[in-house]
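Once you scroll down, you'll see the structures, which are given as structure tokens.
Shared between the two complexes below is subunit A, which has subunit B as its partner in the first and subunit C in the second.
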Partner chain A sequence: MDILVNFLRLVLLSMVPFVLAGQGTMLGGRTGVFNVAQEGMMLVGASLGFLVSYYSGSIFLGMVAAMLSGALFGLALAYFTTALKMDQFVIGLALFFIGVGLSTLLPKIIIGITLTPPLIKTLPNLAIPLLSSIPVLGPILFNHNILVYASVIISVGLWYFLYRTQKGLELRSVGEHPMTADSLGVNTTKNRYWSTIIGGALIGLSGAYLPMVYSGTFTEGMVMGRGWLAIALTFFGGWSPLPILFGSLFFSAVEVLAFRVQVIGSFLPYQFLQMLPYIATIIVMIITFKRARVPAFLGLNYDREKRSV
Partner chain B sequence: MTIVKKALPYFLAVVASFIAAGIFIALMGFDVFKAYSTILFTSFRTPNGFIQTLLKFVPLVLQALAFTIPLTAGKFNIGGEGQMIAGGIGAAVVGILFSSLPAYLLLPLVILGGIIAGAIWGLIPAWLLYKFNINEILTTVLLNFVALALIDYVCTGALRDPGAGHPTTVAIGVGGWLPLFMKNPPFHAGIIIAILVAIGVYIYTARTTGGYELIATGANPRAAGVFGIKVRRMFVLSLLLGGAIAGLSGAIEVAGVQHRLIEGMQSNYMVLGLIIGLIAKGDNRVVPFVAFAIAILEVGASAMQRTLMIPVEMVFIVEALILLFVLLSDVVRRK
Partner chain C sequence: MDNQTILELTNVRKVFGQTVALDSVTFSLRRAEIHGLLGGNGAGKTTLMNILYGLYRKDEGEILHKGKKINIQGPKDAIRQGIGMVHQHFLQIGNFTVLENIILGTDIDNRYTMKTQNEEKKILDLCQRFGLDVDLNTTIDTLTVGTRQKVEILKALYRGVDILILDEPTTNLTPQEVDALFESLRVMVNDGLSIVFITHKLREVLSVCDRITVLREGKNITTLDRKDASEEVFVRAMVGDKMDIENSIYFATDQRSSFVNRLDQAAAFEMSSVSFINKDGIPRLKDVSLNIHSGEIVGVSGVAGNGQRELAEIVTGVIPVSHGKILLDSKDITHTNNQELFKTGIAYIPEDRLHDGFLPKANVAQNLILGHHRNQPYSDGNFINWKTVFKETREQIKEYNIKTSGPEDVGGNLSGGNIQRVLIARAFSMPSQLLVAHNPTRGLDIPSMDFVYQKMLKRREEGYATLLISEDLDELIRICDRIAVIYRGEILGILPRSEFDKYAIGRLMSGIKEENPATEEKALP
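Let's turn to the complex of A and B:
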């Protein structure tokens, strides 16, 4: 029983990077901007979030910095694809490279090479009064760091915005048929910019979660493919906020299994458990890709001066 | 005149990114002039520097081709790293198991082992694409991480060299080592293989029917299909070839450089290969020249880190910026 409670608690704890990066990807994609720079943006978020927390002593400032860096990448992606109409995938890759380079360069020039890794305080748990003392459910659901709660609230908020408000409907229409949206007076450019910028901020924050909760420090390549997994998650969740939230529970469960069973010890060499998240994702893609619901204009650039889309 | 016209945007992109990065280097308090002269001229100051550049060129050009061949058919292979690791594992396992064979048997077997293992690693996403219509971008990336765990398993498992501090296998048989042109610094024959592959790829894509079908598929899959080209098979073939070439780069790393399998041998060759392929805009003829230029920068970068204490990642950013500016030059020309 204790093992199960602990397992479920860890699943909720580890879902956050997937939720935030998945929602960020979804938000941009819903206006047709297909971001593939997540891995690089998360690395920059992790690196910068760690550095700012380390020097300011404030985790909050670190989060803000990570979000700003992600937003900046989102702005770049939106500008290159929306204003300059460049290939989304190629620009995404270029931004991914820049992110990978910056994330290792920044700590090297700012901190330098040290014998013991510089540490920041990890995010404290916020036990919700009353609810956290419910047996079993309390420790699983209501005794977490603030970003666990925030990621759920953001997901529900995005759902409400996209499916229950006029602005949300307009935003979705840009990703489905921008020509129609444009003719009805929806500002396609503005929607593309803002969705990609805010989506980028969420992706940057998801990267900062890693040093702020797991390790307390930044290590090279610490995102470990979670950015790419987030893209698979977004397809898995049909580019819709609530399915992405639940889908991230699955991605997180596989990750916890891969890293916890390792500790418990098993009949398989641990390296094969490390492969688990990636292989499981490929299997999930086999099962769900055919039926996946994708914004019709995903990955394409809209030019209002052209006759047909 | 046309060559000048074609080269001009590249030149401007290089200048622009050097200026951008130069401002950054100056802000960090380093000597920009010294940094750039180290980056650009280390390869040409000493014979050793030039040989290092040629050695760097080998994995870079192969990784770039592993990306651009599938790109010719319109497919993105972001799995060169995993395919290179698989190739390295294949080469090392063959080289260790048959270590007593003479060189004329063992060396071809080691190279072939790498090529086949890399091709298998490329075949998995190709098969998933063919059979289930799964986007190859994600599957090739995800398989990199599977390969990273696999090389850790091989290097710490039964073939481990217990004397080495870092996860490493025992050495492959001497017969499997690539011959050297020169002992000091060790200058292996991998460069010849790389040049032959680059020429072979050029002949295949520019001068043969099969290569033309590949190009037609990439240019317009629907039209190619109408003219009777089996488009989906071309996708599989292109990814298979890409995997094989990436596997070859792993085999050369084992047979030529390390003579054993070392965890981390893949370095960041794949990402550099992607940058090279994209700067060359997927043109297989241009790839070797861009790869050589990047090799110069990479050798200069390590020298700069040693002598001036500027982290090598600085040059990586310069390379990514060159790519960005080359892409931007297209936009400028369009207008």
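Let's turn to the complex of A and C:
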């Protein structure tokens, strides 16, 4: 029983990077901007979030810095694809490489090489009064750091925004058929910029979660493919906030399980478990292929005066 | 300017790259009139209205609204000035509901909860007032073209426009739906709206418009009151002086003699009980039986997407037959591949010229022999004889009036209309038992359309068979000997020329069979 409680607690704890990066990708994608730079952006978020926390002593400032760096990457992606109409994948991959390079370069310049890794204080747990003392459910659900709660609130908030507000309707229309949106006076450019910038901020924050909760320090390549998994997750979740939230639980469960197997050892190599999320994504996409809910204009740039649509 | 004029465009000019789309065009619209904007393909009708609606920027010219100069930067400005537009290719979001499509981009009363009772009530009022019947909660994808058009009109009316632009609104509507549309338009005009009706169909403007402006090659030719002008004046204005209207088929009014079915002769082409089931397991053609005699033109009519494309591709061997049998000249060609069919005598003008019929990076000569490049005289079986190819294609370019610098010109340099001419030249220049033409005149101006008709009738005289699949019912009625109507992959009826009737065909197009067969069918076990 204890093992199960502990396992479920860990699943919730490690779902956060998936939720934030997945929702960030989804938000940009809903206006048609397909971000593929998550891995790089998360690394920069982790690196910068760690550095700022280390020097300022404030984890909050570190989070803000990580979000700003992600937002800046988002802005760059939006500018190159919306204003300059360049290919989204090419720009996304370029931003990924820039992110990878920048994330290792920054600590080397600022801190240099040290024998013992510099450490920051990790995020404290916030036990919710009363609820956290419920047996079994209390420790699983209500004794976590603030970003666990925030990631759930953000997901539900995004769902409400997209499906229950006028601005959300407009945003979705841009990713489905920008020409229609444009012809009805919806500002396609503005929607694309804001969704990509805010989505970028979420992705940056998801990177910062790693040093702030897991390790207390930044190590090279510490995102370990979670950025790529976030892309798979958004497809898995049909580019919709709530399914993405539940999908992250699954992705996170597999991650925790793979980690366990790696530590305890098993007949099954842990690498196989690490493949599971990708395989699951492919299976889900095959099953839902005919009804795949992918924004119709995903990955494409919109040009009003191009004569053929 | 009289005080009735609500809108005026003066000296509008628009250039796309090297082509002048509009050259100092002037247009005026009065309150409560239906103003027809008539012209062939490429005349600049849509471009002019896209400028008015803010989708394109004009290079020169002015727009006056109620006497005041206005500046339209985008559709938002146009909507604010009370201008709405119904596009030919509907601007709708397929997986949104009707309601969402209508209210998109407007201010909703409860914008943070999306409780839309007020909006729904307003839309339902409009539906009732103008006789536009739509269920607000269905998804756009599931609707027919006719209903989607009502949604498009509601979108404009909901925004409280007093000027409504309709771009080729009758494309893909059955004749019954066209009548209903015209009735709604009349109600709107009586309500004080002004309507611009863009079309290339002369008969439609004559039946519904109060005033008519004719555009040709980006210039405005004339504006006339409907009652002051005869059909002939408009015909001349539309096509210019070059075309020989007396002998044209497009404007022909006399009845052509009907095809005499020589019963002693076997059909040149025979399809019996052919079905096609696509990759997703959905039947797209059901039990289609159709035969075409030598010297006959058989038309296939239907609303787009009812299996026409599959029919064309089955006959030409592009996709495999699921069940059934096809004979050409009494030879079984059911499983013959496409390459063999081209050799044995099938020519094909595909519907989607850019995807299925043309290589933009190859030159014009290569495009003109594509598919026939293995046959005499272009090839001896191993090598292509380029000297012959260039000689022949140079002649084709002249005969088919393809605007290009020569056979070496890269295909991508050609305009849409000229690409269509290449496809037509290719199909007609090789002798073929059967020609399958799918929307062959799409994107062509009237003289070129007429040219295609002449060519088809020439084939008919020479005793070759033609299958003409078209979304333009007028076109089919003009030149076909028989018309088969396709609905959801089934041939619902085949009418001989003596029984051609727009409304009868229209009923079949919308899936309504003749009196009472439904009950008879049910009686069968």
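For the reader, a short list of remarks on this structure follows.
Keep in mind that, in the parts below, the second predicted complex is superposed on the first by the 283 of 309 C-alpha atoms of A that agree within 3 Å, B and C clash if a C-alpha of one lies under 4 Å from a C-alpha of the other, contacts with A are read in each partner's own complex, and residues count from 1 in each chain.
Operating definition for what follows: contacts are C-beta pairs under 8 Å (C-beta built on N, C-alpha and C of every residue); 3 or more make two chains touch, one makes a residue touch a chain.
Fair warning: this is a prediction, and the values are worked out from it, not measured in the lab.
When the two structures are aligned on the shared chain, A:Leu202 is found in touch with neither subunit B nor subunit C. Of the two partner chains, neither subunit B nor subunit C is touched by A:Leu171.
Touch criterion met: A:Ile231 reaches subunit B, while subunit C stays clear of it. Applying the stated contact rule after C-alpha superposition, one finds that A:Gly101 touches subunit B and leaves subunit C untouched. If you count the residues of subunit A touched by subunit B and by subunit C, you find the higher number for B. Of the two partner chains placed by the overlay, neither subunit B nor subunit C lies in contact with A:Leu77.
Of the two partner chains, neither subunit B nor subunit C is touched by A:Val284. Of the two partner chains placed by the overlay, neither subunit B nor subunit C lies in contact with A:Met41. In the superposition on chain A, A:Ala65 makes contact with neither subunit B nor subunit C. Residues 290 of subunit A are contacted both by subunit B in one complex and by subunit C in the other.
Residues 163-167, 169-170, 172-173, 176-177, 179-186, 290, 293, 296, 304-305, 307, 309 of subunit A touch subunit C in their complex. Interface residues of subunit C, counted against subunit A in their complex, comprise 16, 53, 55-57, 74-76, 79, 85, 87, 89, 91-96, 100-101, 103-108, 111-114, 155, 280.
Subunit A makes touch with subunit B in their complex at residues 36, 84-86, 89-91, 93-94, 97-98, 100-102, 104-105, 108-109, 224-225, 228-229, 231-232, 269, 271-272, 274-275, 277-279, 281-282, 285-286, 289-290. For subunit B in complex with subunit A, the residues that touch the partner chain are 28, 76, 78, 128, 132-135, 137-139, 141-146, 149-150, 152-153, 156-157, 271, 274-275, 278, 311, 313-314, 316-317, 319-321, 323-324, 327-328, 330-331.
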